[in-house]
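Consider the two complexes below, in which chain A is the common component and chain B and chain C are the respective partners.
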Partner chain A sequence: MSEHIFRIWRGDSSGGDFVDYKTDVDDGMVVLDVLHRIQAKQAGDMAVRWNCKAGKCGSCGMEINGIPKLACMTRMNNYSQRDVITVQPLMTFPVIKDLVCDVSWNYEQNLKISPFKPSPPDSDGRHRMMQEDVDRIQEFRKCIECYLCQDVCHVIRNQGRKDRFVGPRFLIRAASLVLHPLDVEDRIPAVRDELGSGFCNITRCCTDVCPENIGITDNAIIPLKEHVTDRYYDPVAWILRKVTGRIRSGVE
Partner chain B sequence: MDNLVIFVIAVVAVAILVIGGGVTLAVAIYQANRLILAAASLTQSEDMSSDGGHKSGFGQTMRKDRWWFEPLWTGLGFLFFVIYVNWAAFQGEHYWHGSYLSPLYSPVLFVDIARVGAAPVGHSLFGVWPDWINAIWPPFFPTSPAWLILAGPLAFRLTCYYYRKFYYRTYFMSPPGCAVGPFSTQPIQYKGETALFIFQNLHRFTWYVACGYIAILSWDAFVSLWESGAVFSGRLGIGVGSIVLLVNPILLATYTFGCHSCRHLVGGNMNRFSGSFVSRIRFNLWKRVSWLNQRHMLFAWISMIWVGFSDIYVRLCSMGIIYDFNTW
Partner chain C sequence: MNTDTATIQTFEHDVVIIGAGGAGLRAAIECSAQGLDTAVVCKSLLGKAHTVMAEGGAAAALGHNDPRDNWKVHFRDTMRGGKFLNHWRMAELHALHSADRIRELEEWGAVFDRNSDGYINQRPFGGHRYSRLAHTGDRTGLEILRTLQDHGVHQGIHVHQECTALTLLKDSDRISGVFGYWRDSGRFVVFKAKAVVISTGGAGKCWRITSNSWEYTGDGMEMAYSSGADLIDMEFTQFHPTGMVWPLSVRGILVTEGVRGEGGILLNSEGDRFMFRYIPDRFREETADSPEESQRWLEGETSARRPPELLTRDVVAKAILEEVDKGRGSPHGGAFLDIAGQRDAELIKRKLPSMYHQFRELAEVDITKEKMEVGPTLHYMMGGIAVDGETQMTSVPGLFACGECTGGMHGANRLGGNSLSDLLVFGWLAGRGVGVYIGALGNSPQVLSDQVEQARRDAVAPLNCDDGENPYLLHEELQYIMNKDCNIVRTGDGLERAIVELHKLKGKARRVQVSGASQYNPAWHEALSLRSMIVVAEAVALSALVRQESRGAHTRLDFDGEHEEWGKLNVVVSRQADGSMGVRKVDRGSPPDHLAAIAYSNLDSLEGGVHV
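The block that comes next holds the complex of A and B.
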């Protein structure tokens, strides 16, 4: 057992400040365990959103020493006893209370992506796809919607472009449909214009903070940017499209 | 034996320079760290927004780790490389030795035979330095063929998805680190790569050019195996410089063929890998390119450093400072 100081932001949308809590930490604890201990013993009214305690629900996203993390996956043995551990709500979304944010903006962005539109079934009425066709997009299904990537993305965090850019999470979702072997919707114009793929400048912070280790930048955003290049900025691809009449696989 | 002594002295001198440079850099980083942490502690209690206690403004963050270390070393490393390449290109001489051609000068379009250590005329694509270039050439610039070809690889690296990450972070500070305040924020409207930087979409065209350079540098490596560069007519052999020039295109290939645009073009642009025979071939290619792509940063740095090292090796040999051990 060791003793740590937690500096936790307490307040709501009208304002707040940091409050220091000195607390005991047992071996094997994660930050969320400590927050629960503080909640139980020192600050019964402290708001913390959590659910699974296993890194699978994405509820306990917060900024720990300035880095967006899941509190349930952040082990206390990462920190020295001398460190004051600062805990804050996510910066990109409005605070409701203490460590809890209103992330509803994200659900609005989700609505900008049109639903899956499958190609016609085979003659026997079934849809078929092979495992190697879906390996790529199954990586994106690991997303737990913790919105840490949305929080750290400077385009929406600092540059105030929530009006033009949907953020990494929803570019992943768009990629999971664009790269889907059965989807026939032509999504590239929307990827560029409504979702704002060009606003991402590939600084990869979304990938750095992803607790599921999804290759957000390399496997989703850059392939989308390359598809946009195919459509709008590559004269060779333009000529090939004119000759073959193909917009993309599955779309004539 | 004399040559061996000179070689050993040169290796020791280079080692001292590298170690000395490393120590200097380490001291500079340590001092920078102290200054930044001191500045951070001064502003710790200031500029707190009421919303979540976050700091706003350039360089502001609640992070306590050394987030600035990566942008610092990548920024200094690339800057050092750019300074060296400019210096080397500015020399216009000592880029050829025996059968070795510095990759910074390859391909040699025109050669000014009056310069010391210049390539033989037979190894330039279009012969001697023409008068029409002299007419438009800035008088303060030496007649260096490097200036005519460096734009190709430079354009490939500058539009590369990895380099974009590092220079947007390091030089544009947009942002300098994750969850660190960027240099420009509102009211300057951020446009990302939709306005001025829309040219980044041309990356695949620079990749085509880079593939050409790999072919050219592979040819240079082949030429380096022939005494005095006399391909098929001279004696076949190998020297330390040949090995250096053989490794160069291999490392450049690991970087170039791990490019994100390459990954897209060889198979990533398909959404169904199974099916036709061609699709399966492209799928296998895509998997191999993906392996390289996962190590893109590593190969970007190694290949870049090796290009600089190759130039240094050829230059030192040409200047007579080091001796090239070879079988001729």
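The block that comes next holds the complex of A and C.
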């Protein structure tokens, strides 16, 4: 057992401030456990979102020492007892109370992606897809919608382009449909226009924070950008790449 | 905080579905496909329901990996797993329709793992005769929930998220709506509706060690019970044999049965593979009797029988408990689960990625090299709201239920993988049931303001109470009672003690007090859900006391083994006119002949002469 100081943002949409809590920490605890302990003993009305406590539901995203993380998967033994641990909500979204913020913007972005449109099944009523053809999209479908990537992406966070750019989470969702062996919808115009793929300038910050280790930038966004480039800007490069197999950088 | 009933925000829909898990979303999709104005209300954000955590897979006799499989074998396995106490018709509908429901998900964009022919791959699981679980690695629930969510949002379903339903409203005997509150603002809200579907899942939070999240407080069961519906089979609470036991802060978190499905074995502290010593007679013929035969099964030999680690959950959980009791447990009071010695690291990481991740991050154990420590954890409620098997309607007109909150389908013990398929089949049927009911409904039932006022007064009571009880401590007390006297093994004395204690607790809970305002106040949320948990806990204890035998997940030390006469009875709980909880035995009647014939037949006759 050891003692730590937690500096937690307390407040609501009208404002707030950090409050320090001194607390015991047991072996094996994660940050979420400590928050619950503070809630039970010192701050009964402190708001925290969580569900699974095992990194599966994506509810407990927050900024811990400035880095977006899942509180339920962040072990306390990452921190030394001398460190003050700062905890605040995902700052890209409007705060509701304490560590809980309003993520409804993300749900609105999802609606911009048109529904899956499958090719007809085989004559036996079944679909055939080989595992190697779905490995890539299964990687994207691991997303637990924690929105850590949305929180860290500077296009949304600093440049305020919530109006034009859906963010990395929804680009990987688009990619999971574009690369779906059964989907027949042409999604490239929407990727460029409604989803705003051109706003991403491949800083890879989203990839760095993804708790599911999804290769957001390299495996999803860059290929999407290449599709857009091929379609609108550079039909010649598309042929060249086919011939040489060389991957261009994704800047449009 | 609203103080006046007349100013409470009101929405009007044809149908309101409480719960956005697999069952609720599947029901919503079916309702809106019939042109009904459909709304979903859920406690947490859309996409975070329990279903998202399901790991191993969804059972359906697709027959992709073994052509001998068909719905009849699935039905037979389900009945045997449920110790023949399942609702016959529900078990039949489930086995008949689950394959179509899985294929439909693929049509909506789900990407299940593939077999070498390019069809949905199926994995073996406890109690299932053949490889039957459609899966996506060990995150099948996520795949299913996301598919339903992404399909549903384009159908114009209204979603009211982070909103807790508290009370059902009725116009004489018919359902007329739901009363609840927004978790963030604490404001009250009324949903007026012609029909309500409850799909709120289970009640694991009544126990201390559970794989369930904070949402599982049995709200739907309590709401249905309080409005006059029956609860059935409440004594059957499933303890999953493999929860994490260390570190303490993650105790109870699930380790998927998929680990054993992929070859994982159970060992005690002496290195003994003890499950060979616990094979029940009923399953002896279909279970491997040596490590060698198990090994051949693992290598895919179809004549080899399944290893004993894949016996039904009740059997494995009790075996672990006994090993621990006899002093042969692991250092933190469980058993060892070993996959490292059975499979190579690559395969483990590919087939069980989230288990690999979970143990590495939370316990600093590398499951490709080391053994896991596991022990039983409360996982699932077989019992729940009693419904009509075809329509999913309760005895209250206009009130429907589907998913884990219902009872009957799984009998005395649920097979792994049969829940995800249950959600899809009965969510679909509930949606159809709602369509028929609303189609035949004459005038719309009305919301009565005195009911709303009463519900509001009940809800604010903890905020207005001085010098009352702390809801967190009462919750701990409840968990203590259930873990002590209403756990995996039970006795009459213990259950009687539990019932007395629960009565005392109920008294204290009437005087529960919370400080602060109603805006996003976890202590208030806790106080309100405590009421549901106490109702569920009492129903479990009373039912368990009545059932004087041991069957499936219900084990009575004072009544050993199954008794034939009890196989003819269900235990049903309902609210009495004076507000007390009544419990009665209900005759199950005789099974439909065609189903009895399947359930009791031998396998050869069901496999349709297919040989491999």
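Please note the rule applied: the second predicted complex is superposed on the first by the 236 of 252 C-alpha atoms of A that agree within 3 Å, B and C clash if a C-alpha of one lies under 4 Å from a C-alpha of the other, contacts with A are read in each partner's own complex, and residues count from 1 in each chain.
The criterion applied here is as follows: contacts are C-beta pairs under 8 Å (C-beta built on N, C-alpha and C of every residue); 3 or more make two chains touch, one makes a residue touch a chain.
Everything numeric in this text was worked out from a predicted model, so none of it was measured.
Applying the stated clash criterion after superposition on chain A shows that chain B and chain C can sit side by side. Contact with both chain B and chain C is seen for A:129 once the two complexes are overlaid on the shared chain. Once the two complexes are overlaid on the shared chain, A:118 sits against chain C while remaining clear of chain B. Touch criterion met: A:154 reaches chain B, while chain C stays clear of it. In the superposition on chain A, A:100 makes contact with chain C only, while chain B stays out of contact range. Look at A:234: by the touch rule set out above, it reaches chain B but stays clear of chain C.
Applying the stated contact rule after C-alpha superposition, one finds that A:180 touches each of chain B and chain C. Superposing the two structures on chain A brings chain B to within 10 Å of chain C, judged by their nearest Cα atoms.
On chain A, the patch touched by chain B and the patch touched by chain C overlap at residues 129-130, 180, 183. Those residues of chain A that touch chain C in the shared complex are 12, 26-30, 33, 39-40, 44-59, 73, 75, 96-98, 100, 103, 107, 110-111, 113-116, 118, 121, 125-131, 134, 137-138, 141-142, 144-145, 177, 180, 183.
Interface residues of chain A, counted against chain B in their complex, comprise 9, 11, 13-18, 63, 65-68, 83, 86, 88-91, 94-95, 101, 129-130, 132-133, 152, 154-155, 157-161, 165, 178-181, 183, 196, 198-205, 208-209, 217-218, 222-223, 225-230, 232-234, 248-250.
Residues of chain B that touch chain A in their complex: 48, 50-54, 56, 61-65, 161, 164-165, 168-169, 174-175, 178-179, 181-182, 185-186, 190-194, 197-198, 201-204, 260-261, 264, 268-274, 283, 293-294.
The touching residues of chain C, counted against chain A in their complex, run 44-48, 50, 52-53, 103, 106-109, 111, 113-114, 117-119, 121, 136-137, 139, 142-143, 146, 150-151, 153-154, 184, 213-215, 246-250, 253-254, 354, 357-358, 361-363, 472, 514-517, 519-523.
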